[in-house]
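Both complexes below contain subunit A, partnered by subunit B and then by subunit C.
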Partner chain A sequence: MEKVLEVKDLVVRYETDDGIVHAINGLSFSIDKERTLGLVGETGAGKTTAALSILNLVPDPPGVIAGGSIILDGKDVLSMGEKELERMRGNDVAMIFQDPMTALNPVIPVGQQIAESLEIHEGLSREEAMEKAKQMLEQVGISASRAYDYPHQLSGGMKQRVVIAIALACQPSLLIADEPTTALDVTIQAQVLSLMKGLIDNSHMSMLLITHDLGVVAEVCDDVAVMYAGRIVEIGSADDIFNHTLHPYTEGLFDSLPNLKARGEDLIPIKGLMPDPMHLPQGCSFHPRCPYATEACKTREPELKKAEGSHYVACIRYNESSFCLRRDKDAR
Partner chain B sequence: MIPTLLVTSLLIFWAMDLAGGDPVNQILPENATYEQREILREQMGFNDPFMVRYFRYIGGILSGDMGKSYISGLDVFGTFMGRLHMTLLLGGSALIFACLISVPLGIYTALHQNTWKDTLATVLALFGVSMPNFWLGLMLILLFSLKLGWLPSGGTGGIQYLVLPAVTVGLSLAALLTRTTRSAMLDVIRQDYMTTAKAKGASYRRVIYNHGLRNAMIPIVTAVGMQFSYVMTGSALAETVFGWPGIGRLVVDSINKRDTPMVTGSIILCCVLMAIINLAVDIVYAFCDPRIKAQYSGRS
Partner chain C sequence: MSKTRKTIILEGEEIEIYKGRSMAQETWRRLKRNKGAMIGIIFLVALMLATTVASFVYDYDKDIIAMSKDRFMPPSKDHILGTDNMGRDIFARVLYGAKYSLVISLGSTAIGLAVGLFLGALAGYYGGLIDNIVMRVTDIFYSIPYIMIAVVVVSMLGTSTMNLLLAMALGTFSNFARIGRASVMTVRDQEFIEAGRAIGLPTWKTIVKHVLPNCLSPIIVQTTLKVGSNIISASSLSFLGVGVTPPTPEWGAMLSDGRSYIRSSGWMCLFPGLAIMFTVLALNLLGDGLRDAMDPKLKR
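The block that comes next holds the complex of A and B.
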């Protein structure tokens, strides 16, 4: 299948006064045309940094993209010039940000903020762009008459719809949504998600959905990548990840969710905390928290290996023929 | 505003009273007799108690009479207004000059934060803030009037007379405004909506000027407003150095001559002026930030 985006061995560091933060350490994944990939991980796993890297918008300084490649429609984003980047941003790849409260400019009417990308990329005049911006507002379920309102006059959910309208205005081939529903309350979350899903299916876009909410992933995503400490630990179709879990960390994520089939049972949290990205442990970065860890895990870094079809996993113990996660044992 | 003016007038009236010196000495010729002086004192009410004199003065102001100068015999309000446009001209051009330098420089230093360019600008700004106005004025006169002979050293006339005083006053303002613009921009640059704008594909210039500067305007306008009232009422030094017939010099001259009505009246009028400028700044806020406008119009 045709690939819209291919990220290979991406390395991103933040060089701060206190030390070097290893945010992304050899990240590789790809998104096929008209597919939605969910990027899942805890806070601090490097999800947002990965998203910003795709637009080459990692704040510099202190951020440094130290290696790897990000191929978008056959071109490497990391070697694009400033002009090329400006043409790409918003036009080929658009981004929806985490917090709609701060993502909109408080002193510019929302219609104008949508119109701006149309003016930039489609060369429309101010009036034409505004007309189209109003259509976009209608598409995300906001009355066109509110185009002249300022962000502070809209509710949180409406603001996020405006952010979506901005992102979709120029019909990008890839949409990056960075926890688009985290800042919204639960009832609005469902609305916004189904709105996004509908718009994406209609316009044949691909999407990278960043989230820490596995429920959202199950609802929206075709493929899932699980990220830990700046690396992919497991990637595959949603079915692979949810029903044929291979990595201990993924299992830990599922165990910490309430299960309808086992009501009243205690949740099993993943013990410990995400390692400090300034001092990542040697070997597999998950080993200090992993119930299956062996001596080898402390020294050897696992590579992402093919398990079956499009299902890949990065775990040393997966190679042992007798190795089996507790989840699978229970299922048997 | 009214209480402020009342307190100010009382303070300044009291200060002039404490300052001592007898205006009678200034009004009458040197060889006037003791009796003549005493009669004049009685006539002008100088022998009345302090509070009586103060309330008589306030009463006058309330009925629209700010009194007459002891020295020239001219109406205080008229004299002040006659000088106002000169100070407005000087203050306005100094401020425009300051803005022209400091806003671009502030943005530039914010964008190059913690580089040698930023440090250099910071050092220059510190230098600008610390440099006394009158000294800078004298140095500029030395260089441009005496050495190079390009510009007149003082007085009024065409635009060439305005350049040196405006630059003198403007440079010290520019130093402070640069720092304000820099910190306002630094605040704004880190905001999420700047990333949104970049992610839309907006060019660097567009991001900085359309999205950044508009949000950074509030602290900048505040600083400009404060500076403007400062220039309007506090440029006495520069006006003295350059012989500029503005309000600052009027007040200084009047203090030296113990011209109480002139001093008190001028300072009260300066307070009114400050209040008007502050009001204007508040109105400009509403144009900068729609959230403030919404507060004023009573809906959110």
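The block that comes next holds the complex of A and C.
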């Protein structure tokens, strides 16, 4: 299948005065056309940095993209000039930001903010762009008459709809949604998600959905990538990840969620905290927290290996034929 | 509400049409409701009209600078604001002088604002080396009293209204550069600026359309204050002889002329002083109103 985005061996560091923050350490994944990839991980796993790298928007300084390649529609984003980048941003790739409260300019009416990217990328006149912006508003379920309202006159859910309208205005081939529903309450979350899903299916876009909410992933994503300390630890189709979990970290994530079918059961949290990205542990960066860790895990860095089909996992112990996660044992 | 609603009947059905207003229309609409701002505008417009009319009615050589023997006349029917130490009619001079004061103060503030804001926005947005260079240059100008700068500029270029204007702009821009930089820095790191870049906005457009409109309030307030203080600065410079040359009826110059006679003929100081005071007051009222009118959040 045709790939919209291919990220290979990406390394991003933040070189601060206090030391070097290793945000992304050899990240590789790809997104096929018209597929939705969910990028899952704890706070600090490097999810947002990964998203910003795709737009080449990592704040520099202190951010440095130290290696790897990001191929978008056949072109390398990291070698693009500033002009090319401006053309690419918003037109080929658009981003939905985490917090709609701050992602909109408070002193400009929302319609104009949608029209802006149309004016730049599609060369529409001010009036034409405004008309199109009103259509976009209708598409995301806001009356066109609200186009002249300022952001503070809209509710949180409506603001996020406006942000979605801005992102979708130029029909990008890839949409990056950085925790689009974190700032919204649960009812609005469901609305916004189904709206996004519908719009993406209609216009044949691909989406990279960044989240730490596995429920959201299950609802929306075709594929899932689990990220830990700047690396992919497990990637595969949603079915692979949810029903045939292979990595201990992924298992830990599922175990810390309440189960509807077994309400009385205790939750098993992953012990410890995310490692400090300034001092990542040697070997597998998950080993200090991993219940299955062995001596080998402390020294050897696991590589992403094919399990079956499109399902890949980065765990040394997966190679042992007798190794089996507790989850699978229980199931048997 | 920032839109007008019109209902039209199309094929028997009522359809509502919404139309937005431009930023200027919207600001004006809100400004009209602010009494203080309207008083300010009316005063300033009246002053401009009066000074225009005065330049046609009065003859510069005969009515404004020519001496007469009616010296130190208190306000009366012939001279409603009295006469000064050279026997010149103060009413005529105050009206005629308005244009000098306004042109010098508005002009120097406008130049200072444009240059200062440009430099400040640049420094604040980019930070790093550009910030350092721009701000150190600004600091140099900030550390020299504006009178010194003005004396140097005027003695190099010669005494004229235009040169005075330039000299005062040099003393003004550092203020705006600092305020511009500070307010741009508070807005620069907000998420909507990043969001703007994520949809492919060029840098200059980001600064002009998204950063500056969010910094307007402190800039407007500073501008109106600065216009007022520049009227007064111009008068100090005139007093030192590097400003407007003596017979020119500039308000500050008239005020300093009158100082020696303040005990015997107070009106010589009173009326130019009142003119300065009311103009500055009107400008401040206008600035205050503008700031409120341009802020969409204060809208009712």
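Just so it is clear, the second predicted complex is superposed on the first by the 332 of 332 C-alpha atoms of A that agree within 3 Å, B and C clash if a C-alpha of one lies under 4 Å from a C-alpha of the other, contacts with A are read in each partner's own complex, and residues count from 1 in each chain.
Heads up, the rule we're going with is that contacts are C-beta pairs under 8 Å (C-beta built on N, C-alpha and C of every residue); 3 or more make two chains touch, one makes a residue touch a chain.
Computed from a predicted structure; not experimentally measured.
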Superposition on subunit A - do subunit B and subunit C clash or fit: clash
Which superposed partner A:Tyr148 touches (first subunit B, second subunit C, both, neither): second
Contacts of A:His244 with subunit B and subunit C, given as first, second, both or neither: neither
First (subunit B), second (subunit C), both or neither touched by A:Arg300: neither
First, second, both or neither for A:Lys33, with subunit B first and subunit C second: neither
Touching partner for A:Val107 - first (subunit B), second (subunit C), both, neither: both
Residue contacts on subunit A - larger count, subunit B or subunit C: C
Residues of subunit A that lie at the interface with subunit B and also at the interface with subunit C: 55, 57, 86-91, 94-95, 97, 99, 102-108, 116-117, 120-121, 150, 152, 163, 166
Complex interface listing, subunit A residues touching subunit C: 55, 57, 61, 85-91, 94-95, 97-99, 102-109, 111, 116-117, 120-121, 130, 144-145, 147-150, 152, 163, 166-167, 170
Complex interface listing, subunit C residues touching subunit A: 2-3, 16, 18, 20-21, 128, 190-192, 194-202, 205, 209-210, 213-214, 216, 294-297, 299
In the complex with subunit B, residue positions of subunit A that touch it: 52, 55, 57, 82, 86-91, 94-95, 97, 99, 102-108, 116-117, 120-121, 150, 152-153, 163, 166
Subunit A partner contacts - residues on subunit B that touch it in the complex: 191-193, 195-204, 206, 210-211, 214-215, 288-291, 294, 300
